[in-house]
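Mind looking over this structure? Questions follow.
Per-chain residue numbering starts at 1, and chain names A, B and C are given in the order in which the chains are listed.
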Amino acid sequence: MDLDLIMRTTQFLGEAALMTLALTAGSLVLGILAAGAIVVARLSRWTAVRALVAAYVSVMRGTPLLVQLFVLYFGGPQIGLTLSPFAAGVVTFGLNIAAYMSEGLRGAILSVDKGQTEAARTLGFGRLATMFHFILPQCAALMIRSLGVNAVILIKGTALISTIGVVDLTYSAQRIMTSSSQPFEVFGIAAAYYMLIVFGLTRIMRLAERRFALPDEARA
Amino acid sequence: MMTPMVELKGLRKVFGRLEVLRGIDMSVDKGQILSLIGPSGSGKSTLLRSVNLLETPTGGEVWLDGTRVNADLKGLAYERHVNGLRREMQMVFQQFNLFPHLTVMQNLTIGPMKLLGLSKAEAEARGEELLCKVGLAEKALAYPARLSGGQKQRVAIARALAMRPKVMLFDEVTSALDPELVDEVNAVMKDLAAEHITMLIVTHEMRFAAEVTDWAVFMDEGMVVEEGPPDRLFSDPEHPRTRSFLRKHLGA
Amino acid sequence: MNLDFSVVPPFAGALAIGALWTILITALAGAISLIVGIGLALARIYAPGWIRALLAVPVFIILGTPLLLQLFLVYYGLSQLGLRLPAFFTGVVGLGLHYAVYNADILRAAILSVEQGQYEAGRALGFGRGATLRHFVLPQALYRALPQIGNNILVLLKDSVLVSAIGIMELVLSAQLAISRTFRPFEFYISVAAIFYLINLALEWALARITRRTEAMR
């Protein structure tokens, strides 16, 4: 095993990991915001809005992420939308994961018993106040858990950015694999970085989940 | 003539092709305690839920103390109107529907604080008084998950009372309870009856209805078949459908 | 805005062939993911501790890293080991193994969910350990796991485009060939997306049908 290669690869991939991290962070923020908007739109009283958003979620989930990225990045200029590869990645990954996240958030809201809404409405609380005081506190932890699962999927999905030339972990790892003829070592180092990011994010999410969990005595 | 506390005029409710309420007229005076009885699927729960608009009536009118409940408003104005009126008529559910993320005391104070503008101290004073009344003062800091079904339902009644409503609606409040827990809930309701709070009670417990209420309404297939003072209705029903229903339920 | 979808029909044949490759890759990788998934699930329940510990490492890595990176490893790694295999083979196997890990998770839970009474009934009839597993426990577990495995196959269908990165012919690659001649990426990638959406719908429909038919057997 070539120790020098391992040292250099570790350093080189470390820089690429920062790119993966930045891409993940950007997509995650966009994704969570968009997912929230989708959930609100799906609760709308206008059928047309609900149908439109349902169609959006269906298309995002029914077509490959890579194709979505190519449509935006390569096809975008044709419709007057020229984005840098990084921006195209953040937009595609964010809007894609938002579709999945919105399903999780919606599921969490629907998991709260219908009687809770009825009880709150009976007391005289409005729709928004019911959501805010009674439904969200009961499903926040579940929401965060499902966001966390999707965030991990997102991290791994950002590898697709390498196909449009952004120097992220996967792009760098592939380049060294071709040139160094030590694919296993290179993969091992890249994998370690990925798992470090996954681990870090999972920890943060778990802390957040615990922060919003109901007290033990409140659970049946 | 006194304005009725609750008045229904030609109330109709249709679910798809199913007509659950077929034109109900009913009037409940202030302080009156009325029981709604009838076989399951007769529409009695839907009627109760239409009074506070958990179900939106398909047709007809609902009045509360001289105000039209299902007013002809749209959007936000309707929301505000309904939210305001609902505060004045509280419902107790078969499944309790206590808020599991709040303590017993918080369940009682959240409505008065957020909706009636009471201070925390005022709301808690009111809450304590009501918890004493239902015999659960020592459970103020417990979460609902730690209570028995009977205790949960007593808290639910206290939560509703904390809003100081004009009318209390009870929707089969003892149906989900183990038999040995029914009495403690019935006792609380009897106390309320003695205070002459206006109550509409959907129940299948004929004995309780006979003992506590002063007017009984028998419903079947979405219509009022027969009504009267419970003594008279239970001992000498006029309609054959009432008779066969009572035979099944009082025979035991 | 400069769009002209009339450039697409002349390449309909090429796209159709690409779509057939995509379906073939999905079918083969799906089969591998199911068979290896069953083996992996059984091993994770019944194998001796040291084998289970050994298996945990690749499982951990496969769950924690991108599929694309794993495909690169299989592609470059096998040739490094002196195994000159066709790219198609490495791509399909890589894809299949990746989803085998996800299927194994579901199958493991499904196997454990089969009641102890089923084992006892099988053994009481006189079947051996393996035969009881094969005839009574596994079929029930499979039926129970079917909805989630179907879900994984749907995800696999969409992830099958990644093998284009190691030069395997499928829908995205056939579109790229057309784009290199027409310089019309938007029209062709939208068409590819539409074709995927249709394949996805058809597969979803078929899986829902199978799931419904086997509902009684769970």
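Note that a residue touches a chain if its C-beta (ideal position, glycine included) is under 8 Å from a C-beta of that chain, and two chains touch if they have at least 3 such contacts.
Treat the numbers as computed from the prediction; the structure is a model and nothing was measured.
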Legend entry - Overall pattern in which the protein chains touch one another (line/ring/star/complete/other): line
Legend entry - Chain closest to the middle, measuring from C-alpha centroids that were averaged per chain: A
Legend entry - Chain pair, A-B or A-C, that carries the greater number of C-beta contacts: A-C
Legend entry - Length of the line joining the C-alpha centres of chain B and chain C, rounded to whole Å: 55
Legend entry - Distance between chain centroids, defined by C-alpha means - chain A, chain B (Å): 46
Inset, instruction - Compute the distance, rounded to whole Å, between the mean C-alpha positions of chain A and chain C. - result: 22
Inset, instruction - Please name which positions on chain B make contact with chain A in the complex. - result: 52, 54, 79-80, 83-84, 86-87, 90-91, 93, 95-101, 110-111, 114-115, 142-146, 159-160, 163
Legend entry - In the complex with chain B, residue positions of chain A that touch it: 113, 115-116, 118-127, 129, 133-134, 137-138, 214-215, 217-220
Legend entry - Of chain C, residues touching chain A in the complex: 1-3, 60-61, 64-69, 72-73, 76-77, 80, 158-162, 164-165, 172, 179, 184-187, 189-190, 192-193, 196-197, 200-201
Legend entry - Contact set on chain A toward chain C in their complex: 59, 62-68, 70-71, 74-76, 78-80, 155-160, 162-163, 169-170, 173-174, 177-178, 181-184, 187, 190-191, 194-195, 198
